[in-house]
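In the two assemblies presented below, subunit A is common to both, partnered first by subunit B and then by subunit C.
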Partner chain A sequence: MSAARRLLGQPWLWAWLGALAVWLATAAYTDGKGSGEVLSAALTFGAFFVIVALGQMFVITLGPGNVDLSIPACMTLAGTVSMKTMGGAAGMIPLGLALALAIGAAVGVTNFALIRLLRIPPIIATLSASFIFQSAAIWWNRGLRVKPPQPLADFTTAKIAGIPFIAILVIVLALVAHVVLTRTLYGRGVIAIGQNMRAAHLAGIRVERIRAATYILCAALAGLCGFLLAGFSGGAALNMGEEYLLSSIAVVVIGGTSVAGGFANVPGLWGAALFLFLLVTMLNTFGAGAGLRMVLTGLIIIGVIVAASGGTRKT
Partner chain B sequence: MSGPVSPRLLRSLLPPLSLAAILIAIFYLQPRTMSYFGLNLLLNLAVPIALATIAQMFILCVNELDLSIGGFVSLVACITATWLHDTPLLGVAALAGLIAAYAGLGALIHLRNLPSIVVTLGMSFVWLGLAVLVLPTPGGKAPDYIRALMTLKPALVPFPIIAAVGLALVVHLFIMRSAWGTVLRGAGGNPRSLERAGWSLLRIKMTMFALAGFFGVLSGMALVGLTTSADANIALRYTLLSIAGVILGGGEFVGGRISPIGAVIGAMTLALAGSFLSFLRLNPDWQIGAQGAILIIVLALRVLISRAETRT
Partner chain C sequence: MRIKAKATVLATVGAMAVMAGQGVLAETADKRIALSNNYAGNSWRQAMLRSWEKVTGQAVADGQVAAADAFTTAENQVTEQAAQIQNLILQGYDAIVINAASPEGLNGAVKEACDAGVTVVSFDGIVTEPCAWRIAVDFKQMGKDEVLYLAERLPDGGNLLEIRGLAGVFVDDAISAGIHEGVAETGKFEIVGSVHGNWAQDVAQKAVAGILPSLPEIVGVVTQGGDGYGAAQAIAATGRDMPVIVMGNRHDELTWWKEQKDANGYETMSVSIAPGVSTLAFWVAQQILDGQDVPKDLTVPFLRIDQDTLEDSLANTEAGGVANVEYSLEDAKGVIAGAM
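Now for the complex of A and B:
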């Protein structure tokens, strides 16, 4: 009884139930044909969502107003620069990866410098900075689409027993993030800052150091995602990050992390990422046009948030 | 910083000074714009942006954020170019329904205590999807009277300037000077005390969202009046422009600190920044980046001034 109640109280539950329901609905419509492939695709695309959402989750947990809107631009910049530097040569992969991560870290440092030194609200700071990163990516890449090195492309599309390798990798990454969030001084610090920045400061937490680390971590993960996504999709495109702006935030919130900060949940990220992908797949399967698909996606996202939020205002 | 000008004054002067600086730069680079015709051309597209910025301002005033205004303006533009042109009655009903939907959003956000960022993010999908359904391919036609209004050529002063000044003054008088406006702003400053005083926060939020919807509708109609036809992606960048415009104009994210005059000026500054950069013959690759840089510079100036303000 109490175990059941505890299960129902888990913030990640709704996202997973939603993903399951949507998958079953798709499978029922197609009489189960191809539902294995759908799941495999969901794991691959979900993995990309989860990589950026992990970073976004840490940022959002820092408290109201903290959100990173530069993720798409950072992905594009890291993807284009690393692909062009590698030039398709397999031996350059470690360098390309290091470069993508370094670009991400630099983006994070820039974001935080604007937030901290210029006292710009994070939304505007990351937004204005993202314009500059996007321009840098356009300027660097000149509209060329450089093919990724073959081993990288193989790596991102590899499967073990039908499960995409990249999904396994990101599951491990999520586990690490979960431990970092719940068991380390840093993770606890992030949560404490989100609950009450002043109290956290008085408790001796180095608030600004943790905020800086969080923005850098988020941008580095975006850089990693840009690198892997460019490898997966046969090269970096200038609009490759576009859909990750909305989905990174949506995945975090649907996954049960509080938008007001101070409460984060890693397992929900995977549930929400699968849910979002499967939802679009389901609407595609049902033959919905682009317009209807967007309307339903939007309404369902809002519906899930209304259902998951539960608490009505106590006034 | 104990100059002849007080930091407080400097702070309120920053938005008009930025606008003046960018106008002077444009005049210097391209003297031909310093004419009735040139100004008309320069500032035309600033009118719908200013209207969308005012819409965003109402939302920011009650400590929320609207990430769907771009999609919303696009949808209005699509409806204006199709239904309002072909079957005016249906068009008017649809637009009125959209304003009601905005009020409903305000109620939903307030009653369920939802984060507005996420709800409006979801709504941006809905508006865009509806826009695609209404107008699957770019096209449509602006109703003649809107077209006529937006291409008015009054004597002496170009229409966009009259429209911008009129808009700023009307909204300023309403929200900054009237008793009603003070209550509405109070909902952003100190909601709890307002509630203790017997006002319904629900009604205030719904009013503010409805106002935002109303100005969003005006923005979409004005945009179609200028472009004569619409497409579903026509105004997506308005979301970011409107937020940036409010902030450039001296508004704050929390606390009900807003300035309608500043918001209109901020919107015009941003609209002009685009023209300025193209007159500079800047490498087109860097156009968006330069807009971001302008935003950062103005905000940095504001921080410097605020610091001086706290010191005195």
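Now for the complex of A and C:
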């Protein structure tokens, strides 16, 4: 009984239940035809959501007002520059990956410099910086799509026993993030800052150092996502990051992380990412029009969030 | 202001008389044309801006107009573009060429421009204000052409997958309406699935990968441009037979088509609007300033690529860009004459 109650109290449960429910509804509609393939597609595309959402989760957990809105621009810049530098050459892949991560880190440093040195609120700082990053991406290659090296494209689309390789990779990444969040000084520091920045400071936590590391981590993950997504979809495009702005926040919140900070949750990210993809797939399969689809998406997301925050939350 | 303008015209006429022997187009030599553009964040728009730069730069160098400056708003917002147009009026441009963020939202600012004596020419994203000229794309016909082509290629008909654009944009509604009209008229196809690809390869790839497993066999994919390659990737990943995917003139779409053509004789067609349509709008504005009689509604020709023109088109398309043509003054005169 108490075990069941403890399970019901898990904030990640609702996202997973939601994902399961929409998947079953889709499968029921198509008499189970192709539901395995749908799941495989959900794992692939969910993986990209999870990469950026991991970074966003750490940032949001820092407390009220902390959010990174430069993720789409950072993805585009990292994807564009790394694809152009590699120029389709397989031998350049390590350099391209390093470049994407370095661009991400530089974006994070810029964001935090604006926040810390110029004392601009994170929402404004990251949003305005994103114009600079986006313009840099336009300037770098004027929107031309450079094809990724073939081994990178093969790597991002590979499957092992029907499970996308990239999903396995991101599951491992999520496990690492979970350990970092719950078992390391850094992770506990992020949570403590989110609960009470002043108390955290008095307790001896190097608040600003941890905040800086978090913004850099978030942008580096966005850079990684841009690199992999460009490899997956046949090149970087100027608008490739567009839908990752709201999605990254939605995945974090639906996954059971507190939007007010101080409480984070990694398992919920995967549940929420699968849920979002399967929800759109379900409504597409039902043949719902775009208007109805958006209304239902909004209503269902609200429903899951309300359900997830039903009980009093213990941190 | 008016008097000054009149004096300028007189001076110009005088100059014309002097230069008439040299055959220089001096009627508009002192005219300044501005481009008000609402969005630059994809490859089509980037190509559009580059075409504008190339053609108008030459026109300025040749003394056909005094200036042709391009301005792009940062946020793709109606209010922002309206403010931009008001600024352009104050800066004294003789004509404003607009790719509008909304068909109705800018009408107030456009009316102000007309009242201030500024010629307004809208293209691609047109405005409905009657005082402006419109260089419209018959998007509905474009959608219908796709289905008519498929009807010819696939006499037995079958199931189609429709990839739509960005929900809520009139272009998406118009192309889709044309596709559905074509399906109703030919009577041999059924649209079994419809997803929004937002004119982007990665979004289309994701949406198609999601819906594909639940679909029966499909013989054709009707698209809106920028989404064909993503659809091909998603379908290839499932190991299904490759349906006829109508392409949208992007370099990656044409490259993929060429690879398939060489490998297994794959046949399809590709249709879209050349980004160089901005240069057509430029010449139309120049013609209006030149005092020519130009009908208010003009139609842009499609840029269509077929099996036999694929190689040439691909060779002329910048890697990673989109198939393009730039229009000349003669082309503009032809379009104007065609609409008379």
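Heads up, the rule we're going with is that the second predicted complex is superposed on the first by the 310 of 315 C-alpha atoms of A that agree within 3 Å, B and C clash if a C-alpha of one lies under 4 Å from a C-alpha of the other, contacts with A are read in each partner's own complex, and residues count from 1 in each chain.
In this text, contacts are C-beta pairs under 8 Å (C-beta built on N, C-alpha and C of every residue); 3 or more make two chains touch, one makes a residue touch a chain.
As the structure is a computational prediction, the values presented were derived from the model and not from experiment.
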*Check subunit A with both subunit B and subunit C modelled on it and let me know: fit or clash.*
clash
*Classify the contacts of A:Leu279 with the two partner chains as first (subunit B alone), second (subunit C alone), both, or neither.*
neither
*subunit B versus subunit C as contact partner of A:Leu54, first or second or both or neither*: neither
*After lining up the shared chain so the two structures overlap, which partner does A:Met294 touch, if you call subunit B first and subunit C second: first, second, both or neither?*
both
*Counting only touches as set out at the top, which of subunit B and subunit C does A:Ala78 meet: first, second, both, neither?*
neither
*So, A:Gly34: does it touch subunit B (first), subunit C (second), both, or neither?*
second
_Under the stated touch criterion, which partner chain does A:Leu229 make contact with: subunit B (first), subunit C (second), both, or neither?_
second
*State whether A:Phe45 touches subunit B only (first), subunit C only (second), both chains, or neither.*
second
*Once the shared chain is lined up, is A:Ala200 touching subunit B (first), subunit C (second), both, or neither of them?*
neither
*Pick one for A:Ala250: touches subunit B only (first), subunit C only (second), both, or neither.*
first
_Overlapping segment of subunit B (options 112-120, 130-138, 166-174 or 292-300) - the one that collides with subunit C in the superposed model_ = 130-138
*Overlap of the subunit B and subunit C footprints on subunit A, listed as residue numbers*: 131, 134, 138, 290-291, 294
*Contact residues on subunit A for subunit C in the complex?*
26, 29-30, 33-38, 41-42, 44-45, 131, 134, 138, 141-147, 157, 229, 232-235, 237-240, 242-243, 277, 280-281, 284-285, 287, 290-291, 294
*What residues on subunit B touch subunit A, complex-wise?*
65, 108, 110-115, 117-119, 121-133, 136, 195, 201, 232, 240, 243-244, 247, 253-254, 283, 285-293, 295-296, 299-300, 303, 306
*Under the touch definition given earlier, write down the residues of subunit A that touch subunit B in their complex.*
65, 67, 114, 118-121, 123-125, 127-136, 138-139, 246, 249-250, 253, 259-260, 289-299, 301-302, 305-306, 309, 311-313, 315
*Write out the stretch or stretches of subunit C touching subunit A in their complex.*
40-43, 45-47, 50, 74, 164, 167-168, 193-196, 198, 200-203, 205-207, 209-215, 229-230, 233, 237-238, 250-252, 318-321
